[in-house]
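Paired with chain B in one complex and with chain C in the other, chain A is shared by the two complexes that follow.
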Partner chain A sequence: MGLINLLIKHKYGNYGLLTYVELELVLSVGMVLSYNTFYPTTRTISDYAQQFTFNFILSVITLILVVLVIKNIAFGTGQDFFDGTIITFLQMKGRKKVFLSLYVTDVIIPGVIFILTTMTTFYLASFNVSLTWIPGYLSIYLFLSSASYIVTILTKRPFRAFFISIVILLLFVGVDFSQNFMLIYCYLTMMILSIILLIASYYLFRGVSI
Partner chain B sequence: MSVIKANNLTKRFGDFEALHGLSFSIEEGSITAVVGPNGAGKSTLLKIISGLIKRTSGEIKVLGEDPWKSQKLPRMLSVILDKPYLPQFLTVEEVIKEATSEFDADYSYALSLVEELNLTNFLKSKIKDLSTGTKQKVQIVFSLIKNPKIIVADEPTANLDVASRFEVYNIFLKLREKMHTTILISSHIASELIAISTHILGINNGVLRYVGEISKMIRKDLLEEFYITVDNVQRAVSLLKSYTVEVYGNQLKVRGNLVNIVSELVNNGVRIFYIRNSILDKSVQGEVGWV
Partner chain C sequence: MRLGIILISVGILILVLGEISFPLHTSLTVTHNFTSPPWFTSGEIYVNNGTFTVYSDYLVENLTKGQSICLNNFTLIGKGNATVTFSGFKIFYTRNYITFSEIVIILGVVLEILRIIRLRLIR
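Let's turn to the complex of A and B:
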């Protein structure tokens, strides 16, 4: 656990993952409160309008979370490439395990924390939503995070990686908007794309010179 | 037994060829000084050996593994660079604890290294708050915790004061003695490495100019040439009239028997601050073609 612990301390500071738990709790509470302003008398999604509203809110919240994660990838891992800190991690394990550990700390852990805090919030707020929101959210989240990973490995520069990742995110928002926020339903395609991007970023990481 | 074997190793950065077909082998338990002028290709070679950059062509095996592809090598090989690379916002203690846990090493051994390099007072300090020299020492401790079979050190003492340099060299010597560790150290100050190196690998302009035992490349004609720093240059020059003397500031370049030269100066009240034999620098410069 040495490498993962080191990465968590390095990426999330003194308070570790607690920082993310708090932040993501705010986002999931925000999701319920936001829905409540549209439909103050119900906490159930039963018709198209309610589903549309929920998808819209979920997409916005997911994108906010993705910005936070992109910041972590670009300014965290990107900076590690830029100043050579990555060598510390490459001294501890092979490239395969270092990549997986970085991906877990940068992407998987915040993603899982969001699912857990959101499910807890939904439960406590008696908010009845089908669990299909999870693959929908994950497909967008993993797609954009993996894209940011590729950009970061290719550029090896924190600011450049952040700006290009944000441009990709805005393009995605444009496409999603033009589709009435229905991309969340294309989760199978998005998941396949995310896996392709993840594999591509792994091979790029294996081939990157430090 | 060879632990590193390179055959026709080449590295190109775009149109620039940094290494031209290097072939050599490094013996287990040796301390090899990788020497050459700035831009000779020393760092590129060491980074290829460490698996940090990929060769363009040729072959290299480190402990039987291709360093670029190997997943096992990071546990057996340590890299120390001239620029410290540890996470800046962690404390020295955190870095050392996590490294100890990762490598299943003994924490008391890590602490003994910390003590040996006078880092005990910095354990609670964040890496970012340390001086470059202290960061370098922490980097050295981090690299040694796993008891590596090979240490690749690119100008490891570049940011250290004289006392610290010798502390680091002593640790290297102890490691070699106890664990039979193979060490590659690069420096463009060859004389600094004479005390600890057993072998030399000289590169110039990406071309391998010399590889072999240090004793075999020493120029015998330079055995009696010394640089002596004194407090009174004029008096020293007048005392050493019978020798060939050249003056460089407070330093004299003298050829002759050292015992006689020192006696002549000391007996006549000239204080000597420093004596250095230029034999390795000159020999290396001659072999490597580095003027």
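Let's turn to the complex of A and C:
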């Protein structure tokens, strides 16, 4: 817990997480608002067209959130690799603990905050949606952030990693919205792929020379 | 990481988002019975043809072709063609959000006071 606290202070500062909480609350309010612009008289999801609209809104909001997380990974962890600041953390703990702590501070804390704030907003706004939006959100989120981790560890430069990650994100948007690949909509496949990418980035992190 | 300040700011944000009404206008066409959704603060009914009976809080009125009325909560019963234009969109329309934000703000204030007390004791 000590390393995670140190990393939070190093990455976000004292009030950085506050910005994330407020921004993600406002993003979840935007989900309800944009759903009601499509269907003004209802706040429940009953048929296929409404489910499709909600999935579209959710994927757009998730992509906005993923850009923030890619910024965290590329300009936070990538800058640590470039400067050699990561040697400080590696001297404190082993490589496995440092990697897991980096992953928790970069990816998991913003993701969990988004789930909590969105569930709060949906409860307070009486927005009736089944909980299947959580795996749909997590599949896109974890896949893109794990891919960004691999790119960051391979390039070890902040701006190059950010650029390549954004290119991957735009390719994903093209594949996602063209609907030619039904693979994207299979949440389980995306989750397994993201876990495979996470394990691959862990082994890359173990073998990387700093 | 100061959890108290995060809780206070989330409470204030929920309170503000519940109080303001967003400038979102939508209009829809009604052909038979219709009840206005509670998340719009006001709606203007314009009857194109046919007859409708509108029931509001203490008001029952018959509307015929060409008449229009502006109400906040209403139920339309009848047959014909009417255009309803809603304005003033509210995110949190029940009173739940006030209780929730009060609890969150009080929790945050208590956590901050505990932190100040702990810092004084250490010093």
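Worth a mention:
The definition used in the following text is that the second predicted complex is superposed on the first by the 203 of 210 C-alpha atoms of A that agree within 3 Å, B and C clash if a C-alpha of one lies under 4 Å from a C-alpha of the other, contacts with A are read in each partner's own complex, and residues count from 1 in each chain.
Keep in mind that, in the parts below, contacts are C-beta pairs under 8 Å (C-beta built on N, C-alpha and C of every residue); 3 or more make two chains touch, one makes a residue touch a chain.
Here the structure is a predicted model, which means the values were calculated and not measured.
By the touch criterion defined above, A:Leu102 reaches neither chain B nor chain C.
Look at A:Asn5: by the touch rule set out above, it reaches both chain B and chain C. Of the two partner chains, chain C is the only one touched by A:Tyr15; chain B is not. Contacts of A:Arg43 after superposition on the shared chain: chain C is touched, whereas chain B is not.
In the superposed model, A:Ile140 lies in contact with neither chain B nor chain C.
Once the two complexes are overlaid on the shared chain, A:Ser209 sits against chain B while remaining clear of chain C.
After overlaying the two complexes on the shared chain, residue contacts for A:Leu90 are found with chain B alone; chain C is out of touch. Of the two partner chains, chain C is the only one touched by A:Ser126; chain B is not. When the two complexes are overlaid on their common chain A, residue A:Val29 makes contact with chain C while staying clear of chain B. Residue overlap on chain A between its contacts with chain B in one complex and with chain C in the other: 5, 9.
Only residues 5, 8-9, 14-15, 17-18, 21-22, 25-26, 29, 32-33, 36-37, 40-43, 117, 120-121, 123-126 of chain A touch chain C when the two sit together in their complex. Residues 1-2, 5-6, 9-10, 13-14, 17-18, 22, 24, 26, 28, 37, 39-40, 86, 89, 91-94, 96-97, 100 of chain C are the ones that touch chain A when the two sit in their complex. Those residues of chain B that touch chain A in the complex are listed here as 47, 51-54, 70-75, 78-79, 81, 83, 85-90, 94-95, 98-103, 142-143.
Residues of chain A touching chain B in their complex: 1-3, 5-6, 9-10, 13, 83-88, 90-97, 207, 209-210.
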